[in-house]
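Here the structure comes first, spelled out in structure tokens, and everything after it is commentary.
Read from first to last, the chains carry the letters A, B, C and D; within each, the first residue is number 1.
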Amino acid sequence: MFELALEKDEDKLSSQISVAGEIDLFAAPDFKKRLYEAIGEGDSDVVLNCTDLTYIDSTGLGILLGALKRVRQNNHNVYIKNLKDSIRKLFRITGLDKAFILEEAQ
Amino acid sequence: MFELALEKDEDKLSSQISVAGEIDLFAAPDFKKRLYEAIGEGDSDVVLNCTDLTYIDSTGLGILLGALKRVRQNNHNVYIKNLKDSIRKLFRITGLDKAFILEEAQ
Amino acid sequence: MSTNSRIVLSIPPKAEYVSLVRLTASGVANQCGFDLDCIEDLKVCVSEVLNKAIAAFSEEETAALSITFEPAVDSLAVLIGGNGLNGETLFASETDAFALAILDTLMDEVVLSGDETAAVRLVKTTGKTGTDD
Amino acid sequence: MSTNSRIVLSIPPKAEYVSLVRLTASGVANQCGFDLDCIEDLKVCVSEVLNKAIAAFSEEETAALSITFEPAVDSLAVLIGGNGLNGETLFASETDAFALAILDTLMDEVVLSGDETAAVRLVKTTGKTGTDD
């Protein structure tokens, strides 16, 4: 199971979203719904904090890509922070490390 | 898998043995060998520290009982410390809480 | 977890696989909504049955042991079976006293049967921790 | 873990069971002596295959999916099968690109077959982490 929390920045310049837990086929419908609610119209940058994200499959990656498209349509971006190595690897394999703006590995 | 460590008291009045991990059917032969080596002739009290013992089955409990018998033959005792609730329950169910000297639950 | 959905795990009858069954059993029990104490009770009891079932097979045997999980609305049944396994004679030795006491105390139902596909049937009800008090 | 010892897990073809398979897969891989990275690679890939296999069944279906683990000296093979499952057509959609890239990169062998008992065969070699570099 996963958790998702939204903290809109005071200045509304970006949506700070943190995701935690496991995002797999079972969690996917709920994750998509919650994520899309969190980004709303996509009219600000999105910063996704993945410190406690332990697992994501291709279904979850596809949902992230869908969210990116929506944000991009408004000329905004999705920044991804604190990816675990095992998940960063999946972003590289799928080429998504080029689509999102990934914070450098520490 | 389990771990077993022996610290003989300076005064040799008791054998301090700590057991950690899981003691099940697979671990049993090795556990019996290591425990019997640790208590030796059974000519001192034995204090078993179970802080990190997460699992023990009836095979393991039987081995502890065998060790107790050996120690008792020399008029010594086996004291058991820091049992987790789930394992303390097994000692009560099998009546072994009356055979060993169990430290009170905290 | 939906009802009437059986999960089956099949292993070689060897001591090295008992911890794997415990892991899978805790996963199933967790998904059934069991609390930590109930999950632990189930792990302990499934292990005790497997210990005896494994002892019933000789070393060279190629047979398999099957562990079937049957989740229901408010309980989980676990059936342990295998070729030629007989639940009625499984706990016959003097040193089975501990295992039997554990099963009887921690499970809501223990059925030992001559049916080799379900030689032992354990049932644990959700939210009822086995107590010894 | 001894060689030639197969472990089989059978589940209903539903998304809620994929996490259970991941748990069991990590237990088997751990017993095979895989390091944490290799265990993670295997979990990821088994999940990807199950996602597609589950999608191949309709909601009402009573069929079962079987996941067979075959440990060998320095590798672990995982076979995913089920009634009517066809590996050759499993990853045919455009949105399977991610899953296929993950399988090809992280596994040492991926065989998609028309044989329903082993529609997908994954092989992971001990000590070889899938890298993308």
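Note that in this section a contact is a pair of C-beta atoms (placed from the backbone, for glycine too) under 8 Å apart; a residue touches a chain by one contact, two chains touch by 3 or more.
Bear in mind that the values here come from a model prediction, so they are computed numbers and not experimental data.
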Report summary line: Contacts shared by chain A with chain C include exactly D
Requested in this report: Touching both chain B and chain D: give me those chains, sorted by label.
Outcome: C
Query raised in the report: Using mean CA coordinates as chain centres, what's the chain A-chain D distance in Å?
Result: 26
Report task. Let me have the rounded angstrom distance from the C-alpha centre of chain A over to the C-alpha centre of chain B, please. Result -> 50
Query raised in the report: Can you list the chain A residues in contact with two or more other chains?
Result: none
Report task. For chain C, jot down the residues that touch at least 2 other chains. Result -> 16, 19
Query raised in the report: Okay, in this complex, where on chain C does chain B touch?
Result: 15-16, 18-19, 22, 37, 40, 43-44, 47-48, 50-51, 54, 95, 97-99, 101-102, 105-106, 130-132
Query - Complex contact set, residues of chain D against chain C - result: 1-2, 5-12, 14, 16-17, 19-20, 23-24, 27-28, 31, 64
Report summary line: Residue positions on chain B within touch of chain C in the complex are 22, 24-26, 28, 55, 57-59, 61-62, 86, 89-90, 92-95
